[in-house]
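Note that chain A is present in both complexes that follow, paired respectively with chain B and with chain C.
This part shows the complex of A and B:
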């Protein structure tokens, strides 16, 4: 969920944010020492403070996958490496496992915080522009990148539309007596089919209609299109890029 | 790409986002229809369209649109314990589409190719999960075994849907399958 704002983090080039945060996320999986974790977390906290986003808001994203985090932590705890720390009935906790559990949980929390800081400070449009621009940098991919961005913006636009259609179909089929809430297993399957088939038919049909509308308005593909928003690389982006890469290198070697 | 291809890809990634939110409780496990959308993309679109529709779906979630199951999004899901399944969606859809095409759209072979398409999903889901729960064996018990039967039913449903469309609305598929 994007929160508009005018912080230094918001103002960074979206391409840089995409690469930088991805780099940080990959790095946290390669970090081997406690110092490394400390430096990565410290850097992330500095970014959070700079972004002026309330930490509580970011923590909500951690809350949304707390169960996964807990699960991963608990499984590591009983993974049984190293010497026995204590036993409690059938549960045996080993010393090494405690360390592994802490590691996994702190990795996961870091990944969640990093990812949500990126999405909170960058709008979906900026991000899809960034994806297009980065992909277009690869040799021979410019056209493909443009088409992918086109697909993405149509898809973003039509998710709510199709969701509404799905709901209409569900209601229509229920009123015709489709066994949507059937207790029996086969009834449920029939209910699913009675929604799935019309939904797919509808979306295939919609796709043709949208394509016709695009062509009627003169869409002739990639050639000759100009951009409304253009991404510009600024001096502060260079500074930030150097900061991130030096932190990543530092963490990999300590 | 032609405009029609672009819109078909776009709508199938939108459909994946919607089916991922649709939940039905069969037995104790709540199931979503995310995987069914992957299968349907494979069964109905051309290999390239199938691949791209799922790629766009994964990218949309990655850049923060709440399209993953449970309205979640972001790299934390994609690289989290259960993200491995998502990562393989494009490959799976592509594989299903190609096998389907090779099999001349026969019903039994379509079903088999849908099941084969599950393999990359399970494989990458399993491997990534094992990084988090400690050990391949445990990840297999948690992340592969319990879902196999349900996914088989989803494959059946997906094949049923695609055959129904083939039979009753052949005009919609004409352009996709003419070559």
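This part shows the complex of A and C:
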């Protein structure tokens, strides 16, 4: 999902982005008034414009959970609070319900937009560095934070490799007559087995190679490790942090 | 097992699990909403090989990477993590000390039931926040009582985790040579420590 760019949003410290967007998502669940929603949305739109990401691209992620959003909206619409607005056969729509439906739908869309704006403007490697740095601040978590970030970076590197591997095995086993497209459940299970076993054996072998390569390069955990790219807090990060926190506080009280 | 090997296994298996997360298909053709994704299988195998915490780590990394790749539904990803983590942890914690097939099968059955219960409780907590309605309102909307609704959620997760366990047993049998190697290594390490 990451789209490289040189916008002000891309250039922000990834730690700040992680915390800021998390804060915004939590805030939207606590906002009580329509003004609050308006301010939060306005702020998000400013960020989207600043990030120079095409809004249509962001809306694609909303499309992936459209059913959930629709369901939540429809549930609310017929929940039956307040005075009756109009009746249409068996459907009775109440005035209060319309507000609630709008609220729930806009809240869900806000969560999805926030999350995808973060992943679109921050590379996975930056995010795992941010996780390492933030988690490492907690007492006693430094080692675990480093290992988690290490695992995440290696995984990110190997997702495309594994996808290719999986496709090759799938094709090989299909050509040997494995029941991949079987309509019956048991047939499907057999199909999964014939792909999963070689895939897992292959992964274990690959893991062995990676471990050997790490050994050969003298990897020994976080102790004495230096970084090529260091996260540096800049003046614009302070400005953005102040903006986000003041907007969150504003929205919680209006 | 050396620390580097453990890191390497967790990384590769998380990558595999992330790939597997994209292959989801309905369990029964009649009920298409009952999606099954085999991504918990690598996590379970890792848990058996390298310990319960490694297995939980695979679930965590897979969910985070899936979130990066597909993005969007934060709360869904978090619920997936809690369910998967409890399932993998409970399945593998006993096996850590007693490495027999019987222990593995018993733990997986217990974990299946407990995780399904955890999922029901999670739904009770999360759904009202998500939909901004109480559970009884949703149930009455779907013309059901609350226990019926919870029973459906329970059954769905029972089938989901049950299928994962069912597939993992034969895979475990085939790749157990790797398990045995790691077991012997463990014994050697213990001997050296003594």
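One rule holds in what follows: the second predicted complex is superposed on the first by the 250 of 254 C-alpha atoms of A that agree within 3 Å, B and C clash if a C-alpha of one lies under 4 Å from a C-alpha of the other, contacts with A are read in each partner's own complex, and residues count from 1 in each chain.
Convention: contacts are C-beta pairs under 8 Å (C-beta built on N, C-alpha and C of every residue); 3 or more make two chains touch, one makes a residue touch a chain.
Since the model is a prediction, treat every value here as computed from it, not as a measurement.
For the composite obtained by superposing both complexes on chain A, the positions of chain B and chain C are in clash.
Of the two partner chains placed by superposition, A:84 touches none, neither chain B nor chain C.
In the superposed model, A:70 makes contact with neither chain B nor chain C. In the superposed model, A:183 lies in contact with chain C only, and not with chain B. Applying the stated contact rule after C-alpha superposition, one finds that A:49 touches neither chain B nor chain C. When the shared chain is aligned, chain B and chain C each come close enough to touch A:201. When the shared chain is aligned, chain C comes close enough to touch A:103, but chain B does not. Once chain A of one complex is fitted onto chain A of the other, the partner contacts of A:138 are absent, as it touches neither chain B nor chain C.
Common to the chain B and chain C contact sets on chain A are residues 1-2, 25, 61, 64-65, 68, 72, 75-76, 79, 100, 104, 108, 111-112, 115-116, 119, 124, 127, 147-148, 150-152, 154-156, 158-159, 161-163, 166, 185, 188-189, 192-193, 196-197, 199-201, 203-204, 206-208, 210-211, 214-215, 219, 221. Across the interface of their complex, chain A is touched by residues 1-4, 6-15, 17-18, 21-22, 24, 26, 33, 36, 40, 44, 52, 55-57, 59-60, 63-67, 70, 72-77, 79-82, 132-135, 138, 153, 157, 160-161, 164-165, 169, 172-173 of chain B.
Those residues of chain A that touch chain C in the complex are listed here as 1-2, 25, 29, 61-62, 64-65, 68, 72, 75-76, 78-79, 100, 103-104, 107-108, 111-112, 115-116, 119-120, 124, 127, 147-148, 150-152, 154-159, 161-163, 166, 183, 185, 188-189, 192-193, 196-197, 199-201, 203-204, 206-208, 210-211, 214-215, 219, 221.
Residues 1-2, 18, 21-22, 25, 61, 64-65, 68, 71-72, 75-76, 79, 100, 104, 108, 111-112, 114-116, 118-119, 122, 124, 127-128, 131, 147-148, 150-152, 154-156, 158-159, 161-163, 166, 185, 188-189, 192-193, 196-197, 199-201, 203-208, 210-211, 214-215, 219, 221 of chain A are the ones that touch chain B when the two sit in their complex.
Only residues 2-5, 7-16, 18-20, 25, 27-29, 38, 41-42, 45, 57, 60-61, 64-65, 67-76, 129-133, 137-138, 141, 163, 166-167, 170-171, 174-175, 178 of chain C touch chain A when the two sit together in their complex.
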